[in-house]
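Just dropping this structure here.
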Amino acid sequence: MRQAQHELSVETRGAGLYEITDPVGRWVSGAGMTTGLLTLFCRHTSASLTIQENADPDVQRDLQTFFERLVKEDPALYRHTAEGPDDMPAHIRSALTGVQVAVPVTAGRPALGTWQGIYLFEHRRQAQRRRVMLHLQGE
Amino acid sequence: MRQAQHELSVETRGAGLYEITDPVGRWVSGAGMTTGLLTLFCRHTSASLTIQENADPDVQRDLQTFFERLVKEDPALYRHTAEGPDDMPAHIRSALTGVQVAVPVTAGRPALGTWQGIYLFEHRRQAQRRRVMLHLQGE
Amino acid sequence: MRQAQHELSVETRGAGLYEITDPVGRWVSGAGMTTGLLTLFCRHTSASLTIQENADPDVQRDLQTFFERLVKEDPALYRHTAEGPDDMPAHIRSALTGVQVAVPVTAGRPALGTWQGIYLFEHRRQAQRRRVMLHLQGE
């Protein structure tokens, strides 16, 4: 067994879901392991990772709308407001969706279900450069 | 070190929590590794995985009730409605609870706490056949 | 490749976030692996693990306040009330934030982002002794 690591860079242009299934899959293929475990880790506290349906873009928009309603951008609700009204809600949305996900690798590719895609979930309004660590262990 | 993989099939009959601790533990035992890392991955976007108290069944019912209240089945709230009123809420509940969990393996079994059980959390109303990938690395 | 395991004990004194980044980092350093995967697993159903901003303590307090508002301690909402009014809300808050997180290890330390800290999120009011399993695979 052996391992490989890579840092994926994702440019975001406002809050929303950004699919990264393809670049992740290409990196896994290039690593040349047939069976293993792929771990993705988002190195930020105001963006997260989620696995969602990738067939209908409305699913991603509904998901974002739900989190906007659930975690309101109302400065009266928070102590931490110095970094802007969207910062503390971004931290909470990250805690609710998580910054890490692992996917088994089978036959040289992540064993996602038919409708599953891997997304970076950006919670800030301004453009950001997000770093996602990829770790692969296998053979 | 070596690894093993297996796809567990779980038949669900409506929304709720389905405990899979026993079949998962049996597969881990059969793999014959003393120390390692077990990863479970649910290959669906309208069911998820959660670790919960397995002593009082009321805990599982209260958990389900909470998510029904938090993520309403009201078509007016969503764009993605073509697959039925319970589909978009199912995607959101999956994002909130997550489709992956990893448990260290010690002395040949998952190192769960005394009251912890592993559950598939079904979010659709109709009967489904759910596939959970199990991945084990260890020695 | 090889692996190491350790059980970290965390004493909590009421609900809130308890940072464990330092003891976790020290254990990883002591294990002497340059590259690998660190997995943390909380062996309880009323405490969880989260990765959050560790610069401003207000972030941790706002996070706790959000979960207190989202998951109310109102016994009328739950069937499972025998273990106290804070027990079922604690189970739900654990399900929402998760009991497991994995972090790639690079250059001998967890590859956390600049502002990321690892926290045990205690959801019960009384003092507790929490056990967090650490698992490391690498070389």
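For clarity, chains are labelled A, B and C in written order, and residue numbers in each chain start from 1.
The working rule: contacts are C-beta pairs under 8 Å (C-beta built on N, C-alpha and C of every residue); 3 or more make two chains touch, one makes a residue touch a chain.
Keep in mind that this is a model prediction, so the values were computed, not measured.
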| item | value |
| --- | --- |
| Chain copies touching (chain A, chain B) - same or different residues, decided at half shared | different |
| Inter-copy rotation, chain A to chain C, in degrees (Cα atoms; steps of 5) | 120 |
| Separation of chain A from chain B, taking each centre as the mean of its C-alpha atoms, in whole Å | 20 |
| Chain B residues counted as touching two or more neighbouring chains | 1, 37, 70, 96, 98, 102, 137 |
| Of all residues in chain C, those that touch chain B in their complex | 1-3, 5, 37, 39, 41-45, 70-71, 77-80, 82, 88, 91-92, 94-96, 98-100, 102, 131, 133, 135, 137 |
| Residues of chain A that touch chain B when the two form their complex | 1, 35-37, 50-53, 56, 58-59, 61-63, 65-66, 70, 96-98, 101-104, 106, 111-116, 137-139 |
